[in-house]
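Here chain A shows up in two complexes: once beside chain B, once beside chain C.
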Partner chain A sequence: MEKPVSVKKTILISIFTALTVIGGYIAIPIGPVPIVLSNFMILLSAVLLGGKMGSAVALTYLILGLSGLPVFAGGTSGLAHLTGPTGGYLLAYLPAAFTAGAIANRGKHSLFKYFTALSAGALIIYIAGIPWLKFSLNMEWRKAIFAGMVPFLPGDLIKVTAGALIATKMDGLIDNFSLSDNSEDQ
Partner chain B sequence: MDMFLYVDNNSGLHRLDPRTKLIIMLMSFTVAVMFMNIIILALLMLLVIIYGGIGRVLGNLKRIRMVLIMITLFSLAIWTIARDSSDKVFIFSLEGLFYGIMIALKTNTMIIAGMVFLSSTKIEEISEGLVKFKIPYRGAFAFATAIRLVPMIVATSYTIIQAQKSRGLDLDSGNLLQKIKKYLPLMIPTIISVIRSTNIFSMALESKGFGYSSKRTNYLFLILKWKDYFMLGFGILLLTAAILLKTNTEVFGDFVSQFPWSDFSGKLQWSL
Partner chain C sequence: MITSTYIEGNSFLHKTDPRIKIIILVDLLVLLFVPIAIPVMIFIVVLFSMITAISIGFYRLLIPLKMVLPIVIFILLLTPPFYREGNSLFIVQGKIILTSDGLEQTLRLIMRFSGITVLFFMFFATTTINNFILALQWFRLPYRTALIITIALRYIPYMITVYSNIQDAHKLRITEESGKKLIRRFKRVFPSLVSVLIQSIKSIPTLAMALELRGIGLEIKRTQFNIIKFNKRILQLSIAGVILLMTIWIIRFL
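Right, the complex of A and B next:
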């Protein structure tokens, strides 16, 4: 018989994938580029659940989008987003979640650690997203950085700060609710 | 937000195996990504619409019309201004406008193909189809459960917001930062509330023997029939024709030279 915790983990992955889908629909207009909360939810799931489960959330989210479900920003979907100019940002969710989760769950938890983990995740999304944007639209580096990073920075700063605060408040709660019976499987 | 586009019909499209429909959708995505030609993309969109018409699911176009309109307007506005070309008048260019039409056709074709797939396939059929494609059952289960959980989480957050409002929390006043500060604490009870349900959910699953045996049985038994093979054969034929057209530079070059306004693959200098 499989370990019961696996069922809980599967459900947690589903829950955070659903939260990520909802995040894709929430757009806060702060200027020409709105803040979309899907990347925030992916990184939050990574710091709360760990790198492997965070990556699983990201992978499930990408498969949902690839299957034609309207889950990407603004209710869009499909291969166009994964191969189009913004594909780099989406595919970067996988390494970003893994890294953020790995940093957050190494040693003692703190607000600073969560902030660092979420910032590292956000940085990885840019590191993959900007070159992809540059080459897919044949832009100059400067233009790609201005189109694909600068307008998002204030929003990302808010997201990283908010994510670190939420993760600190929720520290240990997931273990208590769900994973306490088999922590070595983590 | 509505991800449940399924239309309960008994059409030929509905009766196809979900794997067939998934492969056909991915084929349409592939052709759409391969070409940067207005005529070919318009033909592909027409084929996708006919395919959806067979399943009598085109009524769902109304439900996604805002997304399609926004993508079209956004593509036209952005590319008319942003596309580098020699025919610029002030900041606008005709080449940019045609490029915007091509991008809008490409994106909208994929969205319509996704809509047709979702309108004719139940979530559990998609999940079972993914299992048949050797995706681990737990992955497919997470996929199906995530879709089902979206409305539940939205309802939970709505209840929490209403509960806090009834206690006097004013969420409507203040500037954007103040609003973010007010909404942020509401996220924590929402997340905790849905995580709490994990235990109940897993107990319910375990009580029904979820994960007891690695040999799983299903009520839904998928089997490919002659209609599926026919549709797959037709799809492969069209995909092969598209690949041959794309790779045969002479034939594709001749085609592009007939309609130089339609193509952005770089074969010819764009002209009207």
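Right, the complex of A and C next:
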């Protein structure tokens, strides 16, 4: 028999996907590269909901973008962005969310643990994004790092710090809300 | 905030079954990714741009092309210097700027990205999200995934309204912004963001009740009012698409 739909998980994934889309529209102008909050929302959802659900949020976000809806940073969308020079950063959301969620939800929660989890997630995005940028444009490693990592580091540091603080404040808020969901443990 | 790229119309693309459009879209995407001749790529991009322009209007076609323009410029500037093989086509003060290999690779990448953009735009400008999800369900997309996408799409405009309301409320409370420029920028965004997060989480029980009242989460299957029936043309088109792709692929080696 087909498994019933888990209401709690469905709602959480949907809402955090919507928040991720909104994050793509919020840009904080700092230096040459403005901070966009879509990756921040994905990593935050991963530490709050766990690795699997965080990856589901990232996957739904990518599906929405792939479907042509202008949800990627700067109101862009489509397969062209996923297969383009910056596609590695977008596809890395999946492993980054899974890793960040797995680290954050192992053992007792703390500010340091959230900081580590979010940093690991951000690092994975670079690990996948830079080689993708390098090979898709046939660039040198040094140039790829300077174009695809260095300008974003200050913004990411701020996002990771803010994310860790927010996650600590919101810790338990999602666990505390209960639903009469008979299929919650699927 | 745009939550749908559908453009109302009555063209033949609007009337075509979404499943047929998905099959054609996938076939053409594969075609743009296999190493076919540049003139064939240009022909595909121009042909489908014209079809899209006829169906929804020329000016509307410019919207996605504008979106992909930064990537095209990026490719145009960065691709030629990294391909040094082939005949030299453009030399400035003894330095080779462009080779035949560089030109081919640049054109291939530009055609690929423009083509993908035009094809996706053509599909989503003439297909409603509802029909798209129904078609995906027909292709065995799990019901839960379809439900998640639908709820997320429904919630995006609601949350953007909540975000702007909260931001306005924060602005009213803070009479004079103090501190450095950088801190001021963060003060504007993060408190509002936390409020949106809390507001979103608070809305979960209401949404859960609404879903449960509609029978979602039960072990029995839901009644589906809106279905798309099996169509022989879909099977025929799928086979024709695969044959076309294989033919183009084989012709390349003859």
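The definition used in the following text is that the second predicted complex is superposed on the first by the 173 of 186 C-alpha atoms of A that agree within 3 Å, B and C clash if a C-alpha of one lies under 4 Å from a C-alpha of the other, contacts with A are read in each partner's own complex, and residues count from 1 in each chain.
Note that a contact is a pair of C-beta atoms (placed from the backbone, for glycine too) under 8 Å apart; a residue touches a chain by one contact, two chains touch by 3 or more.
Just so we're clear, the structure is a prediction, and the values are computed from it rather than from any experiment.
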| item | value |
| --- | --- |
| Side-by-side fit of chain B and chain C on chain A, or clash | clash |
| Touched partner set for A:V7, first chain B, second chain C, both or neither | both |
| First, second, both or neither for A:I22, with chain B first and chain C second | both |
| Partner chain in contact with A:M170 - chain B first, chain C second, else both or neither | both |
| Chain B and chain C footprints on chain A, overlapping residues | 1-2, 4, 6-8, 10-15, 17-19, 21-22, 25, 28, 30, 56, 60, 63-64, 67-70, 75-80, 83-84, 158, 162, 166, 169-170, 173-174, 177 |
| Residues of chain C touching chain A in the complex | 1-5, 29, 33, 64, 67-68, 71, 74-75, 78-79, 82-83, 112-113, 116-117, 120-121, 123-124, 129, 132, 143-145, 147-149, 151-153, 155-156, 158-160, 163, 182, 185-186, 189-190, 193-194, 196-198, 200-201, 203-205, 207-208, 211-212, 216-219, 221 |
| Residue ranges of chain A in contact with chain C within the complex | 1-2, 4-8, 10-15, 17-19, 21-22, 25-26, 28-30, 37, 56, 60, 63-64, 67-70, 75-81, 83-85, 137-139, 158, 162, 166, 169-170, 173-174, 177, 179-183 |
| Contact footprint of chain B on chain A as seen in their complex | 1-2, 4, 6-8, 10-15, 17-19, 21-22, 25, 28, 30, 56, 59-61, 63-64, 67-71, 74-80, 83-84, 158, 162, 165-166, 169-170, 173-174, 177-178 |
| Partner chain A, residues of chain B touching it in the complex | 1, 3, 22, 25-26, 29-30, 32-33, 64, 67, 70-71, 106-107, 110-111, 113-115, 117-118, 126, 130, 135, 138-139, 141-143, 145-147, 149-150, 152-154, 176, 180, 184, 187-188, 191-192, 194-199, 201-202, 205-206, 210-212 |
